[in-house]
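In the two complexes that follow, chain A is the common piece, with chain B as its partner first and chain C second.
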Partner chain A sequence: MGDVVQLLTENGELREDEVYSRYVEELDDAALRDLYRHMALERRVDAEATSLQRQGQLALWAPALGQEAAQVGTIAALKPTDRVFPTYREHAMALYRGISPEELMATFRAARHTGWDPHTYHFNNYAVVLASQTLHAAGWAMGIVQDQRTGTLDPDQPADEIVLACLGDGASSQGDAHESMVFASSYQLPLLYFIQNNHWAISVPSSTQSPAPLVRRAYGYGFTGVQVDGNDVLASYAVARHCAEQIREGSGPQLIESITYRLGAHTTADDPTKYRSAEEVEVWRAKDPIARCRSWLQAEQKADETFFEETDAEADELAAELRRAVLEMEPIDLERVFDTVYAEPHRQVEVEKAWLKDYEAGFAEEEGR
Partner chain B sequence: MTSQDSPAEAQPTTSTLPLAKAINAALRDALAADAKTLLIGEDIGKLGGVFRVTDGLQAQFGEDRVIDSPLAESGIIGTCIGMAMRGYRPVAEIQFDGFVFPAFNQITTQLAKIHNRADGAVSVPVTIRLPYGGHIGSIEHHSESPEAYFAHTAGLRIIAPSSPQDAYWMTRQAIACDDPIIILEPKRRYWLKGEVSTADPAPDAFTAQVLRSGTDATLATYGPLVPVALAAAEVAAGQGRSVEVVDVRSISPLDDETIARSAAKTQRLVVAHEAPTFGGFGAEIAARVSERAHHRLAAPVLRVGGFHMPYPPTAQEHRYLPDIDRMLEALERSFAYPSATA
Partner chain C sequence: MSQTFTLPDVGEGLTEAEIVSWRVQVGDTVAVNDIVCEIETAKSLVELPIPFAGTVDELVAAEGDTVEVGQPLIRIRDAAGADDDAGDDAGGADGAARAAAEDESATRDSGAQDSEAQDAAAQDSAAPGAATQDPAAPGAATQGAAAQPAAETSERPAADSPIVEDSDQQALVGSGPKADAAKHRPRLRPTELDLVEVSDLDPPTPAAPAAGLQAGDIAEMVAKASPPVRALAKRLGVAVWDLVGSGRNGQITRADVERQAQQRSGQGKAGRSRAAGAAAPGPHGGLPSQTGLLYDGPREEKVQVRGVRKATALNVSASASTVPHVSVFKEIDVSRTMDLRRRLRDQPEYQDVSVSPLLFAAKAIIWAVRRHPQVNASWHETHYTLRNYVNLGIAAATPRGLVVPVIHEAHTYSTLGLAAAITELTSDAREGRTTPAEMQGGTISITNIGPLGLDLGTPILPPGQAAIVVLGAVRTKPWVVEGQVVPRQVMTVGGSFDHRLIDGDLAGAFISDVAAVLEEPGLLLD
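What follows is the complex of A and B.
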C-alpha cells in the first residue's frame, strides 16, 4: 500500500515507475491514441445524454464526466472476455465493450430496464441497488473457479478469466460490498474490485463513507490494494494490468481505489451547488483526464491535429446516432414484461396477461363503434 | 425439467423416510444427476446442517459442490445469483426462517427481477431452502413464517411440501425449474415419516391437491399444518361433518382453481397457516375464492392463523399456533351460516 500511483502528472509529463511503467511502454502510439479516443467519445455521449435529458427525452442520466480515464484505462487493461459487473455509471466501459448508444440509453429513457444481453459483451446489466453487483461478481468468480477445477470451462473462452467488480465510494458502505470481499477472500476468487472514489455520493462526501482510505480495507480482508490517480489514463491502465496479471497467476482478489472526481451532478436530478463549492470543482477541473492525455500526446508527437479532428468528428457522429436512437426508440410492450417475469409458465401471470388483453380489446371495440 | 431422466441417477426405490431424509435423498439425486447443481449454506458441509438435512453430502460430492459458506445470508444468495448467471443451479440453505431477512434485498431486488430486467436473456435458477414455522421450542427468530413477504414479489416461486413424498419430488422439481424458487420446509415435520417413491413422481409442485374428500366444508392449508388439518377433519368426521382437506402446496403460483372448485362444492372454506392472518397469504386465497365462487359459498371464507404480534416466546406458542381446536372452531363458525339452497 504505497503512494497513489501516477504516471502522467497533472502537467502532462510522464513519470518513471519501477512496477508500472512497463505496461505503458508495451503500448504503441495507436493504442495510446485509442485510450484518448475512447475517453473523448464517452465525454461527447455524456454531453449529448445530458442535453437529451434536459429536453425531456431521457428520464434520467448519470454523468461520468471526469471519470473517463479511470474507466477507459481499467477496461482497456482487461481481456474482452473478462466479466464486468458495473454500477450504473460505467458508460465509458460499456461503450468500450461495444454496447451501442441505443442499448446504453434504453435504461435512461426508461423504455426498458436494460438494453443489452450481458452474455454478448461479457458485461453485466447496470446495477442500481448499490453494491448488489459485487456479490454477483463474487458468485460468477466462484463459477470460474469451479469450472477450472472440474474442467468445464468454455473451450471458446480464455481459461484465465477474471472478474471486475465496480463500485463507488458510496457503495463501499453497503453490507453487500463487505460480504462480497469476505467471500472473495475466503474462496480466493479471481476478482478485481474497482472502487471509483469520485468524492461524492450524491451530497455525502467520501470522508463520511470512510475517514480512512478505502484501499486499506483490502488488507483487512487479507488481500492487497492499490490507490491510483483515476484522472491519469496511463496509470489507470498500468495498475489494472498489473492487478489483472497477478490475479490470473493466482494471487486471489485485489482492490483498486481509483481517486477521481465526479465533475458533473450525481444524476440530472441532482444540484451539486447545494453541497460543494465552485472552488473545489475548479481544482478538479484543472486535473481533467482528457486534457492531460491530449497535451501529452501532442507534446510527444504521438498524435497530430488530424487525429484530434477525426476523433471529434467521430464523437459528433456518435452523438448524432445516440440522439437518433433515443428519439426513435420503441418502448418495451407490457406483454413482453409479462412474458419475462418467469422463465417458465406461471398461472397468475398468464391470467393477468389474458385479462389485460380482453380489457383493452373492449376499448378497441367501443372505439370501433 | 430434464435432469430427472439422467442416466447418472440412482436406481429408483421406495422406502419409508423421515421428511428431512427425503429432502436429503432429493439433494443427493440432484447432485448426482447434474454436475452444475451445487449446495451452499452455513454449516451444511461437515456438520450436515443444523437439522442434518445435508448429512453426508459433502463427504460424497466434495467441498466444491457442497460448500460451507461464511455466515452471511446476503452473500449466500448474492453469490448464488452470480453462479446461476454462469450456468450453475445453486441450492442455498438459509439456516432458519428468521435469518432470511439479511438476504431480503438480494432475493427481492435482484434474484426475483434479473430475468425480467434482462428481457429474458439471463436466467437465475436458484433454489432457496428455508426451514420455516414454529413448534420447535426454540428462541426468537427460529419459528417464523415469512411467506407473505415473498409471495408479494413477482419473479419468485414459493412452494411448501408437507409430506416426505412431496418433499422429495418438490425439491427435485424446484432444482430443475429455471426460475428462482423458495422451498418452505416444514421444519417441525422433519421427523415425520412417510413413504417415498423415487420412481413415481408426486404431482406437479405448482398444483394444490385434495388430500381428503369431503362434502360439508373445505379446509385449505400448507406445510406444517397439513397433518393438523387432516386430524381436524378426522375429529369433525366423528361429529358428523365431512371436511375436505386441500394441501395448497404452491403459494406462487397459486392453484386457486383447485381450491375454489373445492370450496364451491362444499360451500364453505377455512384457510389456515401459521403466519399472522393480518396481511397474510390466507387473505389472498380468501379473496380469490370469493372472486371466483362468491355465489356458491354459504359462509364467508374464514381464516385461522397467528396473531398480529411478533412470534411469541415459545413458552406461549401453544396458544399462538393454530391447532386442531382452532381449526374446528373456525369450521363451527362457518357451519353457523345456513346452507344455500340449490
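What follows is the complex of A and C.
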C-alpha cells in the first residue's frame, strides 16, 4: 500500500518518485499548463454556478471547489474513449471531456434530465443516487470483456478501453459499491475505482465512514489500491496513468483513494459551518490545488504572467457564456417527462399525470384574469 | 431602468428567509455577483450575490424582516439607464426590465401586498407602460405563466414565450414541479389521486387504490403538508388529504388541521384558547379607562413568529410532547460556595472572568455525572447512548430569545478555563454571535433562573438530552445549623429529567450530589 503519493509538495516543490515521476517527465510545458488551465476554468464555472443558484437560477449546485486537481489529473491520464461513470460532482472531468457548461447546468436548473449525450463524450450522465454509478460501471466493463471475448467489439471503440468509476467517501458505504467491487474482482474487469475522499459525506466525517483507510478495501476484494494526494495535480495524473496502464495490460480492477477536501458546501442546500470548524477549512485552504500548481509553474518558469491572464480571461468568458446560456434555457416539458417513463402506456403514470394536471387546474383564479 | 432581485429558494424547498444584514446601501454601485446581503433560512446563513450590475435603487426589505421566496429584495438601477425613456418600445431584456420596473412601482403604489401581482409585474415584458392595475392585460397573464418553468407547460404554445426576456428577472422557486406560477394562489379544492378513468389500460396487479386505506396512504403522500403537520394530523385523527390548505403555496397548515379537528368534535370550549401571553405593555400613553385598553396599541395584534422564537417553539413542543419529564428539587445552604466565590474573585487571574454560582454548578454537574453516567445520555427508543464526556449546554436569555450554547468537552476544563468559557459563551450569546455549531451536541444542560429572582422552575429538556439542572436565586434565609437558627445563603437546585431513562431515585441521587458539591465545594478536590 505504501504512503500517500505526492509529487508536488504543499510548498510547490517537485519530489522524485521511483514509479510515478516518469509520467510527469513525459509532459511538456504546454501539457502542464493545460492541467492548470482546466482546473482554473472549472473553478470559475463552479463559482458562477454557485452564484446562479443563489440568484434563483439553478435549483441546486454541488460545488467541486478544492477537488479540481484530483479530477483534472485523473481524467487527463485517461484516453478520451475510456468510459467515465461520474457522481454529481465531477464538473472538472466533464468540462475536460468537452461537455459545455451549458450542458452541465441543464440538470441543475431542472430544465432537462441530463444535458449531454453520454456516448458523444464517453462520459455517463451524472448519478445522484449514491454509488449507483459503480454498478453501471461494472456492467459496462463486463460488456467490454464480453465483446472482446466474442469478437463483437464496436469497431470505433479501441480494444483496450477501460472504465472509470467515480465515487466519494460517503458512497463507499453503500451496498452498491461493495457489489460493484465484488463483480469487478470476480470478472477481473478493466475498471478503475476513483474514490475522492473529500473528508465529508455531507455532515458525516470520513473517519466515521471508514476508520481504516478506504484504499485498504481494494485488498479485501483482491485487487490493489493506492492513495494519492488529490490536491496535487501531478501526482493525481501520474497515479491514474500508472493504474490505467496496468489495467490495460490486464491487471484487473484497481482503486485510487484520492485524499482531497471539499472546501465548499456539500450542495448549495447545505451549511457546512454547522458541522465543521473554520480552522479545519483553513488548514485545507492552505493546500489549495490550484495555487500549488500555479506557484510551481511560475517558479519553474513554465508559464508566464500572460498565460495566467489569458486563462483568467478565458474563464471569465466561459462564466459569462454559462450565465447567458442558463438564463435562456427552456423549461422542461412536463408532459414529456411523464410520457418518456415507459415505452408503452402505463396506468400509474397516466394517473399521476392526470393528477398533476388536475392539481395545476385546482388553484383559485387570480382576480381579473 | 431598474431591475428587481427577488428572494430565491437557496435551499431545497425553502419558503422564506430573514434578512440578517445588508452589505450595500442605496446609491452604492454593484457588479454582477457582488454580495449584497446575508439571509438566514431555516437551514443556514447564506450570502446572496446580485445578478445585475448598476446602482442600488432601493432595499425593499429591512434587516430583520422575514421575506417570502419570490418577494422583492432589492432594486438595482442600470448605470446606463439615464437615456431611458418610458415610451420606448425597445425589445429584449431592456424592455422587459423597464416594464418590470414601472409595473412594480405601480403595484407598490397601489399598496398591494399580493406577491402574485408583484411577481406578474416583475415578469411582465409586455408593452412598456402597461398598467398593472389592470392585471387582466393578457400579456401579464401569459408572460407570468410562461416564465415559470413548470406552469402548465403542455397548454402553453411554445412560440409565444420569449423566455429570454423573462428569465433574468425571474428566480426559480423550489426545485421541481412545485415551483409553479400558482404558488401564491389559494387552492379551491383538494385533488383526488384516483380521479382518472383509464379503463383501456391494464389495471395494476395489486388492487387498484380504491380501498379507502390504500388510497388514503397514497393521498397522504401527495398532500401538501409538512411532516410535523402530518404527524399532528395523525395524532388528531384528521385526514390530511381532505383538507384544502390555507397556507402559502396551498400548503396545509397546523391551523387547518386543528380547525378540522375542532369542527369534527363539535366546537372548541369557550375560553380555552386564551392568548398565552399578551405582548409586553408599550409606553403608557392614554388613560386605560378611557380607551378601554390596557395600554396604547391595537386591541389585538398579530405578531409574526420567526427566528429564535420559532425554533424554540418547535423544540419545546417536540420535547414536551414526546419526553415524559420528571422534576425534583432540593433547598440547600450554599454559603461555603459563596465564600469560595468571593475568594476566587480576589485572585488576579479571575479578574476578567465571571465567577458565578453557575460556574460552581457546572463543576458540580460534571462531578455528579461521573457518579451517575445515566443522566448524561440520550434516549433512542430501542437503546440509549451514554456519553462519556460532558458537552454542557447553558441556557441564556438573549435579546433574540432563548439560546442554549454548548461548552464542548466541559469536563476537560480547569475551573479558571471553565469560568472563561462561560463568560465568553454568555457574552457571545447576548450579542447574537453564537454560531449554529456552538449550539449543537449538548449532552446535559443547565439553566440559571436566579438572576430573574426565581427559586423554582421546571425546565423543558433540550432535544437529545436527558437532564437539565435548574438553579434558583441565592437568598439569605434563616437556616438551622447545629440546633441554632442562623442566617445562611440558601438556594434551590433542581432539574428536569427524561423519565424514560431516569427514575425519581436516580434524579434525586444526581441532584443530591450536585447539591452536595454546592454545599461543600471542597468535594471538588478529589
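What we mean here is this: the second predicted complex is superposed on the first by the 339 of 369 C-alpha atoms of A that agree within 3 Å, B and C clash if a C-alpha of one lies under 4 Å from a C-alpha of the other, contacts with A are read in each partner's own complex, and residues count from 1 in each chain.
The working rule: contacts are C-beta pairs under 8 Å (C-beta built on N, C-alpha and C of every residue); 3 or more make two chains touch, one makes a residue touch a chain.
Keep in mind it's a predicted model, so treat the numbers as computed, not measured.
Touch criterion not met for A:E26: it reaches neither chain B nor chain C.
Of the two partner chains placed by the overlay, only chain B lies in contact with A:D176; chain C stays clear of it.
When both complexes are overlaid on chain A, the residue A:A343 reaches chain B alone and has no touch with chain C. Judged by the touch definition given at the top, the superposed model places A:E317 against neither chain B nor chain C. In the superposition on chain A, A:E13 makes contact with neither chain B nor chain C. In the superposition on chain A, A:I332 makes contact with both chain B and chain C. Of the two partner chains placed by the overlay, neither chain B nor chain C lies in contact with A:D304. In the superposition on chain A, the residues of chain A contacting both chain B and chain C are 332, 346-348. The part of chain A that touches chain C in the complex is made up of residues 47-48, 51-60, 109-111, 268-271, 273-277, 323, 327-335, 345-348, 350-351, 354-360, 362-369.
Those residues of chain B whose C-beta lies close enough to touch chain A in the complex are 35, 38, 64, 69-70, 72, 74-75, 77-88, 90, 102, 105-106, 109-110, 113-123, 125, 154-155, 157, 177-179, 206, 252-256.
Listing the residues of chain A that touch chain B in their complex gives 112-114, 117-119, 124-125, 129, 132, 134-144, 146-147, 149-150, 152, 175-176, 179-180, 182-183, 186, 332, 336-337, 339-344, 346-349. Here chain C touches chain A in the complex through residues 5-12, 32-33, 43-51, 116-117, 120, 134-136, 141, 148-154, 163-164, 167-168, 170-177, 179-180, 182, 185-196, 198, 201-204, 222, 250, 435-437, 440, going by the rule given at the top.
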